[in-house]
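Following are the structures in question.
Next, two complexes with subunit A in common: one pairs it with subunit B, the other with subunit C.
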Partner chain A sequence: MVAMTLLVYSQKFNNMEIFIQSAAQISIQNPLCEDWFENPIIPTLPYNRSIEPDYKQFISPIASRRMGKLIKRAIATSLSALKQAEIQELDAIITGTGLGCVENTEKFLSAMVKEGEEFLQPTFFMQSTHNTISSQVALFLKCNGYNCTYSHRGTSFESALSDAFIQMKLGKIKNALVSGQDEMTPDYFNMLGKIGYWKNEISTDILRNSNTNGSFAGECSAAITLATEPKEQSLCKLQDIELLYKPSKERMQQAITNLMEQANISSIDAIMLGLSGDKKNDDIYKEFAQTFFADKPICWYKNIFGESFTAPSFGVYTAATCLKRGIVPQHLCYNGQNIQDIRTILVYNHFQNKDHSLILLSKC
Partner chain B sequence: MSEKLVVTGMGVISGLGKGKDATLAALLAEKSAVGAIKYIQTMHNDIPVSEVPFSDSEMKQMLNIPEEQLITRTPLMGIVAAQEAIQQAKLSENKPKRIAFINGTTVGGMEKSEQFYIDFLENDSHSQYIAAHDCGAGTDDIADYFGMFDVTTTISTACSSAINALIIGANLIKAGKVDAAVVGGTECLSKFHLNGFNTLMILDREVCKPFSQNRAGLNLGEGAAYLVLEKANDATQRGVTPLCELSGYANFCDAFHQTATSPNGQGPFLAMQGALQDAGLLPKDIDYISAHGTGTGNNDETESIAITRVFGEQTPDFSSTKAFTGHTTSAAGSVESVISILALQNNFVPANLNFAERIENITIQPNTKTKKKQMSHIMNNSFGFGGNDSSCIFSKIQ
Partner chain C sequence: MEELILELKKEIIEVLNLEEITPEDIDTDAPLFGEGLGLDSIDALELMMLMQKNYGIKVDNSEKGKEIFKSIRVMAEFISNNRTK
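Our next item is the complex of A and B:
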């Protein structure tokens, strides 16, 4: 009896398909649209803030005045993605954020350090915790469902995506809103500059042929929805996701093999990498490509979205969009020509060669 | 039954001291660790807290970490607690194939950032601490100390972080992504959150009085605790004796207010009910609830309402141990999981210190004295900012 129950359970686990139903972004590209696909803005500066949309269609002006930039972006991308996906009852809100609500944290910290402990106000503290984003989205949607926030450096978004994926596979939830959210304040940009995060000069050529460390900063708000039933608007299938900490070559090979076997996919059409012009990180990506996918086209996305702790969410977003449209545009191809009739993309990301993630996406 | 998840190791450090034995002794002796500030530099030195009774240097010595190595207090406490859990579960001697480390923290490297913030902005004298500021930095420090983990990530949901870490670890094992998981949280005190909670005017100037009508707020504490989770069959194969079963868990969102709980305790209600359903247990099966019980006006009232909604006439013994340890924020869920499991193993209900009188309009009151009781199932609650509400259930191995 027990054995039978387990059998049914594991079959259910393996057969259930998960789809990326919709996606929305606010970034250094034109917001809440796919202009970046045909007409990307090519960044030329080391520091770039997101282009803000008109928030009136999402948030009342009164509510809007009380919200920080990051919260407004999170609500707008979340609402936009949910609307496209036509999800009525949301089961989970899961956010990845490398730095959380930096602006509010800085306001409270700066007041405490510069003016002392006597006259501090609670507002910025209340809104400083990392999970303010997930909880404000839940509050806005009146969603009592599962709510979680990951803050794990450069793999915060993938941790969130993995959580949603696993809970859907286990049958605990039927759908999820997963997002990557990070803002880059001027002070934080300067601080990260001191430890080698940024270049002084940026161009596509510099990024592609870089011999120096550092990249350029963007900001990130990218929301996607996941569901178990495909719809006409579904972008792609999320086949599987694997998180790896300091994997050996053998472990990485095994993870790739497992992903492909589980998905019953024999060949991958392209790999989407977090190449950013930061030589020490790019070398790891190039070695990965050389070792495991020597003959495959390489795609990138940080060249148009910039670097942030949750930038990998743009990797998934761009790959999903390319699968829906069946083509990878020229400016996202790191080597070679644009890719036609694309059916499978492996998104690979690493943070300082410690945390690594593999996400396998395929055409619906 | 092979899908059953068990706890095979646990470790803790808090104001009560280092390790399970010190924790158990303090609980049985009804000895609070809340007292005057020793380490943290603040003008608010009239606010009682519960600090881990070791300096950073002392912890580095315990762990054979060179004094000059750059590591902040949050991961140091984390390593001390994780080491105890890992040793008990024999993870080094008989290593499971893939192990996850799921860590909860919110303040991250703030205790250094708040000291060197002006330097970060104006000069290069302490720039080495910039990379230690974010939550994940400390998780990596802990993971690198042990060098045994295949997956690591960081949960940051404020005061419910550690139970959420437990939930994520359990799901990773159930989904077959890993074979074992070290789960929990760590948080040191910072001037930042001491002042933050102070501006919210929810810090008691005395030792806190959870669930008492005269309660006047919470005491902040610091600490770390971790559990080792794995499947019962795997534990048997590795030759490790399980401490208890992790029989159920749930997380829900109150979706009411950033820092206050809804009047009917909807989020806490859903979390407790969800954990019972997940465990396949009825309210009458629970022998003890380790309540969140912070000592604030809002939490203790709404948690009482939610407990009554779930358990009704069958409300079991419950208590908050926050007056022992202070509120260890991101570590609270795992510190109190360790306390719950100690209570389960040793068959006692921990005391809720400083209770004077029942809350007005509330019909239930906590257990005020350490009490012997046969235990089968214990529920542990943790609720955080943003209405993030989690609950889990530990059960004796049948």
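Our next item is the complex of A and C:
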């Protein structure tokens, strides 16, 4: 009986196609648009906050008064992505966040230190948890479907994406809103600075040729919609996703081979890596590229979006946008010239060389 | 009393994060909940904290709270008569 169920699942699993229908971002680039594709803002400072859009077009001032910055960003990117995808009935909201609403957490804890436990404001308490983001988006959209939050530090977004992918492959949901959400408060930035997370000076050349550890901070709100039926506006096909923990070279090779075989893809056009100028991390990416894709173009995205726990969501977002447009612009090419007529991209991310993820995307 | 009313309006705007609302926009005699500012039960908790923190008044009875938070004027009168800070 179990074997039969697995067989049925396996058959369903193989046949269902999944498409990234739309995507929207609020980051250190101009928000809710794709200006970054042609005219990116090149960061020069180690600490960068997101550029905020006018939230009044999404949320009334009365409704937004209790929302922290991250919640507003999450709602704005979610609404924007859903509108582009023309999804009316949403089956699932799945969020990845490394820190959750850390700004409100700080306010709540600071008040506790300053005032004791007697005068704690309920709003900061309610909105200091990680799953507030997903639940606030659901309340706003009046979505009673599946709602889940993954808080797995540097692989939070991939975990959320993997959940959506598996549920869609099993036929449990037909569409999903998946997002990566993280904010960087001054205090948290300073704390990470003390353990060597940031460089003092930032430029593309410094990041590309770095021999030192540390990168620069960004903030992340990237929402994508997934669906099992393609539309004209679909960005790309999400072929497969694999999460690995401390894989050996053989295990990584096997995972790459399996992804390509499952997708019936014989060659990858480019790899999208989380290169950030942090030597310790970048060495892992360079070794990955050298070992498995020595002759392939390397793309990067953290040079314009910065580092955060859910920055890999920008990797998927930029790769999907590049596939839709069929080109990788020069500023996203880590080595070589811009890439034309691109059809497949493998997004690879690792967190502290422990958690690794492979996400295979192809043109629709 | 008018001074306290103005002070209270400013505190409410700050604690409830009522962006784009000025003290002049708030009708001193209008209901705070439902109509008027359209506040809800979480705002009521915030107002209770405000009363305790700024004026030393502990509101621990929800029925009493309904009476006190009827309007800015009623709140100001109650504070004026019961404040310890």
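The criterion applied here is as follows: the second predicted complex is superposed on the first by the 354 of 364 C-alpha atoms of A that agree within 3 Å, B and C clash if a C-alpha of one lies under 4 Å from a C-alpha of the other, contacts with A are read in each partner's own complex, and residues count from 1 in each chain.
Simple rule for what comes next: a contact is a pair of C-beta atoms (placed from the backbone, for glycine too) under 8 Å apart; a residue touches a chain by one contact, two chains touch by 3 or more.
Since we're looking at a predicted model, the values are computed, not measured.
*Asks:* Kindly say whether there is room for both subunit B and subunit C on subunit A in the superposition, answering fit or clash.
*Replies:* Subunit B and subunit C fit side by side in the superposed model.
*Asks:* I'd like to know which partner A:Leu120 touches here: subunit B for first, subunit C for second, both or neither.
*Replies:* both
*Asks:* Mind working out whether A:Ser80 is in touch with subunit B, subunit C, both or neither, as first, second, both or neither?
*Replies:* neither
*Asks:* Pick one for A:Leu99: touches subunit B only (first), subunit C only (second), both, or neither.
*Replies:* In the superposition, A:Leu99 contacts subunit B only.
*Asks:* Can A:Ser362 be said to touch subunit B (first), subunit C (second), both, or neither?
*Replies:* Neither partner.
*Asks:* Should A:Ser64 be classified as contacting the first partner (subunit B), the second (subunit C), both, or neither?
*Replies:* second
*Asks:* Have a look and say if subunit B or subunit C is in touch with more residues of subunit A.
*Replies:* B
*Asks:* Identify the partner contact of A:Thr185: answer first if only subunit B is touched, second if only subunit C is, both if each is, neither if none is.
*Replies:* Touch status of A:Thr185: no partner.
*Asks:* Is A:Gln136 touching the first partner subunit B, the second partner subunit C, both, or neither of them?
*Replies:* first
*Asks:* Would you check which partner chain A:Ser234 touches, where first means subunit B only, second means subunit C only, and both and neither mean what they say?
*Replies:* Neither: A:Ser234 stays clear of subunit B and subunit C.
*Asks:* Taking the superposition on A as described, I'd like to know which of subunit B and subunit C A:Asn147 touches: first, second, both or neither.
*Replies:* In the superposition, A:Asn147 touches subunit B alone.
*Asks:* Quick one: smallest Cα-Cα gap between subunit B and subunit C in the superposed arrangement, Å?
*Replies:* The answer is 9 Å, the least C-alpha separation in the overlay.
*Asks:* Could you give the residue numbers on subunit A that contact subunit B in one complex and subunit C in the other?
*Replies:* On subunit A, the residues that contact subunit B in one structure and subunit C in the other are 118, 120-122, 126.
*Asks:* Inside the complex, what are the residues of subunit A that reach subunit C?
*Replies:* Interface residues on subunit A, with respect to subunit C: 61-62, 64-66, 115, 118-123, 126.
*Asks:* Show which residues of subunit A lie in contact with subunit B when the two form their complex.
*Replies:* By the definition above, subunit A touches subunit B via 2, 6, 9, 13, 93, 97-100, 108-110, 112-114, 116-118, 120-122, 125-132, 134-136, 138-139, 141-153, 155-156, 159, 162-163, 166-167, 169-170, 172, 187, 190-192, 194-195, 242-245, 247, 251, 309, 354-355.
*Asks:* List the residues on subunit C that touch subunit A in their complex, please.
*Replies:* So the residues of subunit C touching subunit A come out as 15-21, 38, 42, 45-46, 49, 52-53.
*Asks:* Quick check on the complex: what are the subunit B residues that touch subunit A?
*Replies:* 1-3, 42-44, 101, 106, 108, 110, 113-114, 117-118, 120-121, 124, 127-128, 130-131, 134-137, 139-140, 143, 149-158, 164, 168, 171-172, 174-175, 177, 191-193, 195-201, 251-259, 266-267, 270, 384-388
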